[in-house]
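Provided herewith is a single structure, encoded as structure tokens, for subsequent inquiry.
Note that the chains are named A, B, C and D in the order they appear, and that numbering of residues resets to 1 at the start of each chain.
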Amino acid sequence: MKKYTNTGSKDTRSGFGAGLTQLGKTNSNVVALCADLTGSLKMDEFKENHPERFFQVGIAEANMIGMAAGMTIGGKIPFTGTFANFSTGRVYDQIRQSVAYSYKNVKICASHAGVTLGEDGATHQILEDIGLMKMLPGMTVINTCDYNQTKAATLAIAEYNGPVYLRFGRPKVANFTQEDQTFEIGKAVHLQEGNDVTIVASGHLVWEALIAAETLNEQGLKAEVINIHTIKPLDNKAILNSVSKTRCIVTAEEHNFLGGLGESVSRVLAENTPTPQEFVATKDTFGESGTPAQLMEKYGLNAEAIVKAALKVIARK
Amino acid sequence: MKKYTNTGSKDTRSGFGAGLTQLGKTNSNVVALCADLTGSLKMDEFKENHPERFFQVGIAEANMIGMAAGMTIGGKIPFTGTFANFSTGRVYDQIRQSVAYSYKNVKICASHAGVTLGEDGATHQILEDIGLMKMLPGMTVINTCDYNQTKAATLAIAEYNGPVYLRFGRPKVANFTQEDQTFEIGKAVHLQEGNDVTIVASGHLVWEALIAAETLNEQGLKAEVINIHTIKPLDNKAILNSVSKTRCIVTAEEHNFLGGLGESVSRVLAENTPTPQEFVATKDTFGESGTPAQLMEKYGLNAEAIVKAALKVIARK
Amino acid sequence: MVNNCSRIGFVSLVEYVTFGAEKPNIRMSDLQNLEALVTQVRRDILRQVHKVNSGHPGGSLGCAEFFVALYQELMDRNEDFSMDGKNEDIFFLSNGHISPVFYSVLARSGYFPVDELNTFRLLNSRLQGHPTTHEGLPGVRIASGSLGQGISAAIGAALSKKLNNDSHLVYTLCGDGELQEGQNWEAIMYAAGNKIDNLVVTIDLNGQQIDGSTDNVLPMGNIKGKFQAFGWDVLEIEKGNDLDAVITGLKNAKSRTGNGKPICILLNTVMGNGVDFMMHTHAWHGKAPNDEQLKVALSQNPITLGDY
Amino acid sequence: MVNNCSRIGFVSLVEYVTFGAEKPNIRMSDLQNLEALVTQVRRDILRQVHKVNSGHPGGSLGCAEFFVALYQELMDRNEDFSMDGKNEDIFFLSNGHISPVFYSVLARSGYFPVDELNTFRLLNSRLQGHPTTHEGLPGVRIASGSLGQGISAAIGAALSKKLNNDSHLVYTLCGDGELQEGQNWEAIMYAAGNKIDNLVVTIDLNGQQIDGSTDNVLPMGNIKGKFQAFGWDVLEIEKGNDLDAVITGLKNAKSRTGNGKPICILLNTVMGNGVDFMMHTHAWHGKAPNDEQLKVALSQNPITLGDY
């Protein structure tokens, strides 16, 4: 088994902030927009370095998305920042028409996704944003797993021409991927090789999947762990290749099991090679207030839940 | 094979209008709200009969949803009416917080869903609304197939206490289900029995599925046709029972194959009994202007496409 | 029915604290007691957010007088806390993040045990970070938190009242930053155009939002002029942290209902009011005091009806 | 660069019709020709919607003068129809349903072959029911159709211009009913608060929307007062269907840019203008004339530069 080390827990949103700061220096077309959450989104540094390229839009997310779309006309590359709920559900039709259908080069960057937003509770804990964004034709949907990967993704999406949804989170989580990695949109990353079960995870669940794989390993079971940072376009090939070996799969995401990564994988399997699958995800419920760790546990979003799902799905082969 | 007769093509939205008119007379708590599309939604009759219970909110869908949620306080049963896009994507966060999470007894009634909206084109042709609404905990999602069923569903949801999304369409389509049927939320309707393939269809695709079944029958293949008018809660049992006989399935919906009915079915199968599935649905593209029939053909949403999918999936058993 | 004319008599401080949820619709009987309640509410706010190291003290503190005045002096509320929304005044908190002040005043008015304030933002609590009906907390009519939705819901409830021939009023509170959300202006346009005159919307004009002052974040210009241009009857409460002034202003607003126009109150408050280091800054919009800070803050609000 | 000072000289009617897309940036040279163009645009609108028995003639007809004035007299447009949005004035149609007038004027100005108007709303056409960039039609900057999004996009483009040190202007057209959408008010607040003064937003004040007059659907009160209360510089064009008045008004608006305020033009138009039975009613908002009605309508607009 490969060993992964947590080089020091950090929040993924700070990876975004660091990436944006770097982009500010290297790409003069990058502009940033924020809807009264500059600190939460870690956009302060960009704002300080480039006040002329930072746009505070106030609490008006719809206008922010429309403005971002308009700024692409004239060659700007707008990065919008707010919480995941207000980045997607609040502005779905605006993204749909002004960004996705118009195919504008807007990067919708969303923090505080999922239940790990914590104490603010359900109104802020969106568990549907991956589904929302994946249904839009032409949209690229990314959910990164740690600080380093989030920073790399932030840099990568500036180079890519087209609408992107980049999802990251609030709490400090293990930082374990390489520091100066290149991020390849749409290319799954194999973290562990194994024959017994495929674990496809995204976002905060990737580290949990690695822990789960260790636990399984102790029980003599080899899990193949795939970091599926890009949910759309989905790396079907990586998934199908893996299940051709393992013949069963667990998907793990901080999202409703309806409409998200899990169902995308089910569809790919049903179209190609029907395979038993278990879902580590919220089961169609709203979140609630609590600490991130409490909520991950209560809603079955941790290594333990992944182990359980893996054992169950292996038994179903 | 059972025979189904088109008793005269009618638009499903007129079924909604007829149901609402009836409710106006029988249930004094029913109120209706519309965002400047009264005629298109066939709400005129209710408006004329009960001007004091009809609320014209203007072109302000977010306010309409919030108002509807507020009206439940005090015991009203609000039916909101606008196009499917403006009923869902435009107001996702409002539905999420004020209706679904607050569990308010609001009926979100949506016309002109899908590409059969026709000439207005992609900005109006939502192909993601089923996915949007199904991801909301507590939401009931219904997509009816003809005039009679839409009318029955309209009556039924008034009796049910909780948030409902009722989706219907613009064009005249075959009216073939029984005139005075009772609509059972969440209970799939078997239209044909068969052993070779299961066809699960909703909305405008149900009639197409019946035609497809006839064509297949001519080729000696018996299709089981299920009218899955309720996408959430999904009648898992009906689907699983059917595939236990047929061992393959086609889902047919006027919706993106990402996030909709098809993926819900894939998930249920992957969790229970992995089964080859083909998707009759749009393949992650926006629609465009054209006549409903042209668009159904171009985007592979008709009987011919279902037959093709059925033959393909049978071969994959 | 508890209303201003037939209110429950004096409740001693001891009783007040003891009775908790068993006591129907607690009302303080004189201004001095209400002033004490305001300080108690501030203490409740501070202690709630301190305990879980999260939540929104700034806006909450600024609105303590408003909530006390509204629930103790203005609203006609059903004695049995029935939540069907009929035959009583009802209130919507649009800026749901100031839940600490809402919870405190609901508890202190008898909607649920004061002790339950201890569970604020904890797992499995009815006192969610933002108010919700989802967990069944009495006194909450609808979920809020995602900003901009409260006025719409209030209009709906006001229309229900009209349909039900219920002459009671609907009150709402919104943040000033919150007014940047477009949905508010849809609702504001609707309410005027449709003469929703059983509705009183109060704007917490503290001039602050998360990223700074409203002037720095998104200059909002003349808010009074905007509401007037949208056809509302607007009145200002200059001293939004003077309990007497707030009561007078609210009564004035109430007296102006029923005249074909929705009523807007511009309530000039100080964010973080009552705690010197929290005042006049956005810094404490959503930040909890540490132990030391809490001590100082409480010492600045010594009068108490008894902490939970 | 074609601008008002160095515009292309007179283009004969014959040439005008013949050249189609080959002709760069067609400009009519005098008011008489422009008047003829207005009538031609009306004919184009009527024939487009008639052919496919769908589309929106009412609002389109009312805005014929505006579009002709804007594209022929006001906007500085790149001669080569490059669509990078740089160094030229640009326009956003927020109320996308009036695509027939937009398409006609774009085609007649040389953006694409006039013949292509024949494909309006047909399968595989670039002339979608609502304007879109998705099919690559020159002249369209962004998709519209779902109402309320145009001003936001225009602000973004205006900010891009400022960043690019491009002193050109951004124009937008919105419906009056469309102003009921809250997003507009977010944008209106932003533009004033941030001094977006290279932006001219025109409101098609025809007093009609789908379900009736704006007064019947949702009384909007004093729209001028609303924009002013939101800090805009507002001017009115009383005769929005008088070409001369429209040109004068637009030039006035242009002259007022650059002064720290966004500009709003209230353009008083008649829905269905130029066709007697379509005028002053919402009935033709989204309804096409039948054969007989088309004949009558065209006969009321006989002057032509040559139909496609």
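Methods note: a residue touches a chain if its C-beta (ideal position, glycine included) is under 8 Å from a C-beta of that chain, and two chains touch if they have at least 3 such contacts.
Bear in mind the structure is a predicted one, so any value in this text is a computation, not a measurement.
Within the contact network of the assembly, the step distance from chain B to chain C comes to 1. Averaged C-alpha coordinates put the centre of chain A at 37 Å from the centre of chain C. Measuring from the averaged C-alpha position of chain A to that of chain D gives a distance of 41 Å.
Averaged C-alpha coordinates give centres for chain A and chain B that are 30 Å from one another. For chain B, the set of residues that touch two or more other chains comprises 57-58, 60, 62-63, 85-86, 90, 93, 96-97, 101, 122-123, 286.
Chain D has residues 132, 134, 143-146, 148, 180-183, 186, 189-190, 193, 218 in contact with two or more other chains.
Taken as a graph of touching chains, this assembly is fully connected, with contact between every pair of chains.
The touching residues of chain B, counted against chain C in their complex, run 31, 52-53, 55, 57-58, 60, 62-76, 78, 93-94, 96-98, 101-104.
Chain C makes touch with chain D in their complex at residues 180-186, 189-190, 192-194, 218-222, 225-226, 228-231.
For chain C in complex with chain B, the residues that touch the partner chain are 84-86, 90, 92, 132-134, 141-146, 148-161, 163-164, 166, 182-183, 186-187, 189-190, 193. On chain D, the positions that touch chain B within their shared complex are 52, 54-55, 96-97, 121-125, 127-130, 132, 134-135, 143-148, 177-178, 180-182, 209-211, 216-218. Chain A contributes residues 85-86, 88-90, 92-93, 96-97, 101, 122-123, 127-128, 131-132, 134-137, 232, 256-259, 262-267, 269-271, 274-279, 284-286 to its touches with chain B in the complex.
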